[in-house]
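Presented sequentially are two complexes of chain A, the first with chain B as partner and the second with chain C.
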Partner chain A sequence: MDPGFIAQYLLNGIVLGVIYAMVAVGFTLFFGVLDVIKFSHGDVVMAGAFTALATYAGLELLGVSDGMFAAIVITVMGIAAMAILGALLAKLLILPLRNAPPLNTLLITLMFGLALREAVRLFYPNGSNPKPFPQLLPDAAMTIGNLELRLDSVLLIVLGLGAIVAVHLLIQRTRIGLAIRAVAQDPETARLMGINFERVVLMTFALGSALAALAGITNGLYYSEVNFGMGLLLGVIGFSAAVVGGLGSLYGAIIGGFLFAALQTIGAVWFSVPAYKDVFAFACIIVLMAWKPTGLLADKSAERV
Partner chain B sequence: MKSNRRGYWPVIVTALAAAMFVFLFLYLEQQWEIVLLAVGLIAVLFSSARFGLLRRVELAASDHPRTTIMVNVLAALLVIVLLRNEHFALLMLATVCLYVTICLGLTLQFGYAGIVNFAGIAFFGIGAYTAAVLSLHSALPHLLVIVISGLVAGLIGSLLILPMLRTRGHYAALVTIAFGILFRTFLEVNDLLGGPQGLKVPGMQVFGWSLNDNISLGPLGAVSFYASYAVVALLLAAGAYALIKRLERSWLGLNLDAVRTDETAAASFGIDLPRWKIFAFTAGNCLAGVAGGVYAMMSGFIAPASFNFGDSLLLVSIVLLGGSGNPLGVLPAALLVVVLPEKLQVIQEYRLLLFAVLVILILRFRPEGLLPRRMREYFAGWGR
Partner chain C sequence: MKLNWAILTIILLTFAYAGCSSEKDTVKIAFIGPLTGGVSANGLGGRNSAQLAVSLHNASSSGNYAYELVTLDDECKPNIGVQVATKVAADKHVIAGVTHYCSAVAMGTVDVYHKFGLPVIVWGAVLPEITYGNDYKEVHRVNGTMINQNEVAAEFMLDKGYKTWVIIHDTTDYGKGHNRYFSKYLVAKGGRILGTFGVSADQQDFNAELTKVKELNPDVIYFGGLAPTGVRLRSQMEKLGIDAVFQGTSGIVSDAFIEGLGPLSEGVIAFREGAPVENLPGGEGFIAKYNQQGFGEPPEAYGAFAFAATQLIIDTIEKVGPDRKAVMQALNATRNYDSIVGSISFDDNGQNTVALITRYVIQDGKWVVWEQSEYAEGKRRLSGR
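Now for the complex of A and B:
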């Protein structure tokens, strides 16, 4: 096969991997602090992209024409809105259900995601159709053989990787990160040490949801299109990535994200019908779950009875 | 013990009232009447649960399990006779019965054994596609085809349970979610199964008699052919209900309860966890598959669009809304969830949004559902 062709698939796979990893990091953060799965995460990704789109419509009305400036404004708006939404969700729906069976949390967030999805479909102007996402980043391209290296793809990869590294540094190097890790390890002891449990949980949900918004905007900028249903698949993929990597592990989520992108890319190259790539990737995930039931990197801990 | 048994008149009264209600619910057209009926149903359920009326009916029903099923089937047949000319109402009634059957399967999996299944509609779909392929390409009798649909769904489910056995909780949920999405995508890209356009399915034939023919029953006059399907679906749902109810009362149900409540404790009492999980998961999927087979023949046409992940969530909501683990709760919940959006055109478009909000509110404020499951009675007469 032509090396340029392979490089094109590789580049595409890396962008996908960055998006998936950003979504998966959210899942793993929430699981770390609260042992819950927040299934509306994919729809938060979608809502982030739509918030950005709505902001862009507002900017157009104001007559802003500079693409880079618009890109920054819509990203900030999307991230801020989703961070608030994530904290509200944790406060109103997830924390009150702390003592309920874990499945109830799973279901309530699934339903919240459905409500979010339906709300966008019904109430966003013409929301049931795919919406074009503005092309805001410089699209200068460099052609090497069959490979078309576009500047915006490179920018998106750098931005995404930068965001993941920033989250990693935040968790490993700052006081709030220390508090998040303490709560993840042992909520009771963390409370005894004077950590404000609820605040840490809300911060974590805000952080994860902000990353989700960034993932949604990256997705929109890369494909130049968003639709109300994109969150479901992205959420399931992010969840699969986090689970395959091992829930609660940051590195696991990143590895899982890139692994899923790799599986999809392999599936796309392998099968003549491109839609089989998801069937292939999910089948691989089911097999992986059978082989490593608690993920690739999760630590095996004995269950307390 | 004979003297301890109660009379069965509460069962008969309840069955007649329920039949009356179902008839009105399906027959009336005015929007405000429908809203009134739905609100009335929820109010009656809540208040009768609060004042212990429901308890009396349940006790009477558990004293006379056979009479209960008989009376209720007769009451439902009465509804079908009353609605004999209404195509749409009968189709809805049949759909409700099929949904009840799937949800009873889910009750067995989730309510009893504690296995989450977010791919309920996928197993329903496997049954439907099996029935379609078999009745198109083979001469097998249709009753046998429907049984095979259930077996195929159970078989594929028992492959899926293998990774689920090694995990639990969220990880097991992922396996079913991944399968549900995989199934839909697979159907859409598979040309052998008709791709996105789906397949046409011939109508059901039982002992040489085609259910798609209109029948005329002497004094009753012309009867819609959906009436025959409604009867088939009703018998299926009643059979599934009797089966699940029997299972709950037996040692099988006791073992399943133990598995759900505490896996570690159950295992240390010598209960073979994988065996019971496989049993519950496979049996539940078989029910879904059989319902799918009947659905395919009834609707005459199946397509991937009928088997969305959202529909699986709808099924889980029915189980939860009714009260997880209580087969009785499935009936009003399925009726509300299936019929209400069809009858209320105002909410048709907002159906999923409303259900999502409803389930969120239920989980937040009344997690036990409309009709909560009661504690198992170990000795007859306890707690009366």
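Now for the complex of A and C:
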């Protein structure tokens, strides 16, 4: 195969991988600190994208025409709104259920996601239609042989990877990161050491949801379109990626995200009916999970038994 | 207590009086189409057109009945379609229906109409099997099928000198039908198909498929599917630098397609059965009256068919009375009925013959009939020519 095409497949896969990894990191963070699975995460991705879209409509009314500036404003707004939503969700729904069976948390977040999805569908103007997402990034492109290298794709990759690295640094190098890790390891001892447990949990949920908003906006800028149902598949893929990488492990989530994107791309190249690519990718995930039930990089499994 | 009874009696009498005093009985007709979701532009245009036919009739003093249009949303999803079809079919007050834009939905609902004996006229779905795949006397269709449009499409594109195609179709009955008929005619007439890709209708990422298409390097990408998927495909084609001609079907002939793409829609080709509304007998009048009503949405590609179907149903009910069976038999016997989409005659399967196929190209953000476009004059060129 021509190297240009291989590079093109690689580039497509990397953008997908960055989006999936951002979603998966959220799942892994929540599981890390509270051992909960938050099934509304995919819908938070969608809500982030729609918040950005609504902000853009507002900017248009104000007469802002600079694309880069608008892109920054809508991204900041989307991220801020979802961070607040994430923290509220943790405070009002997840923390009160901390001592209830985990199934309850799972159900309540599942229902919250459904409510969020239907609310956007019903209350956003024409919300059930796919919405064109504004093309705000420069559309310059470079053609190298058979590779079409677009500046906006490169920017999105840099932005996404940058965000993941920033989260990593935040967790490994800062005091709040230390607190998060302490709570993840042993909530009771962390509390005894004077760590404000609730604050750490709220911070973690804000962080994961902010990353989800960024994933949603990246998705919108990349495909120039968002719709109310986009969080459904993204949520399932993000969750699978996090589980296959090892729930609770940050690196695992990143590896899982890129692995899933790679499987999808390989599936699309191999099969003459590309509709099978998701079947292929999920089937591989099933096999991987049967082989390593605790994920590729999990280390928490022993203590959870 | 006595006073209460008196008041109640007066209220009841008032209602009874009001009931007697209305001059005409009201007959219900159902309209079903995609009012929300990706192809809602077509559904809303169809609904407005059907509503226009009803309003025009009710406003005129002629006729024995007044009509009420019951509109329901099938969301272009077969499962929802069957639900709403069952709802109207089970309602004894609904005498007939103007139903469905999406073929996949119509395929699911024809059984329901047959079971409940509700006569319907399909106004937009083009899959041949909807009328030809069964012998249900309840099902009729005013618009043509996808067979003719694909034959003309293959001939037209080969005539323009294109040699190689890649076919991308959605994996619903609708997309598969387009693939089947277009491939058949294209190969028979000497075109070459380099690859065929089935994609799911709600898929968002086509980069992997399109990179494969880029490798195959066809003259034309044929897309058998509806507008939302078409918009995604065309815009992602651009991002990968594929400059093949984008050839669609009647499923993308919609203002929403152009709106979703902006300038990228330039030079997209599509085919649709029937003449454009403004060239129809009575088409100008239809557009004028449509605009008078102040609807928020344009009639779109199949509005005229919905209008004609509704008028035909109203005229039939006027003739035979509001009885499902009588209406069904009268509809089956329809021959040379004069409508704005031309003369309507139903064959044994309830299918109207629409011989004319219109070729469209998008020029400056509008669907333009090919023969009247600057592309036909040679002022503009399609890519690869």
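Just so we're on the same page, the second predicted complex is superposed on the first by the 299 of 305 C-alpha atoms of A that agree within 3 Å, B and C clash if a C-alpha of one lies under 4 Å from a C-alpha of the other, contacts with A are read in each partner's own complex, and residues count from 1 in each chain.
Methods note: contacts are C-beta pairs under 8 Å (C-beta built on N, C-alpha and C of every residue); 3 or more make two chains touch, one makes a residue touch a chain.
Small disclaimer: the values here were computed from a predicted structure and weren't measured.
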item: Touching partner for A:Ala275 - first (chain B), second (chain C), both, neither; value: both
item: Touched partner set for A:Pro132, first chain B, second chain C, both or neither; value: second
item: Partner chain in contact with A:Phe5 - chain B first, chain C second, else both or neither; value: second
item: Contacts of A:Glu118 with chain B and chain C, given as first, second, both or neither; value: first
item: Touch count on chain A, higher of chain B and chain C; value: B
item: First (chain B), second (chain C), both or neither touched by A:Ser224; value: second
item: Which of chain B and chain C A:Gln264 touches, first, second, both or neither; value: second
item: Which of chain B and chain C A:Glu148 touches, first, second, both or neither; value: second
item: Touching partner for A:Gly162 - first (chain B), second (chain C), both, neither; value: neither
item: Residues of chain A at both interfaces, chain B in one complex, chain C in the other; value: 273, 275
item: Complex contact set, residues of chain A against chain B; value: 31, 37, 93, 96-97, 100, 102-104, 106-108, 110-112, 114-115, 118-119, 122, 232-233, 236, 239-240, 243, 247, 273, 275-276, 278-279, 282-283, 285-287, 289-290, 293-294, 303, 305
item: Chain A contact footprint on chain C (complex, rising order); value: 36-38, 40, 75, 171, 195-200, 202-205, 207-209, 211-212, 214-215, 228, 231-232, 235-236, 239-241, 259-260
item: In the complex with chain A, residue positions of chain B that touch it; value: 116, 160, 162-163, 166-167, 169-171, 173-175, 177-179, 181-182, 185-186, 188-189, 264, 309-310, 313, 316-317, 320, 349-350, 352-353, 355-357, 359-360, 363-364, 367
item: Touching residues (chain side chain A, partner chain C) in the complex; value: 1-2, 5, 8-9, 12, 15-16, 128-130, 132, 141, 143, 146, 148, 150, 153, 223-225, 227, 229-230, 264-265, 268-269, 272-275, 277
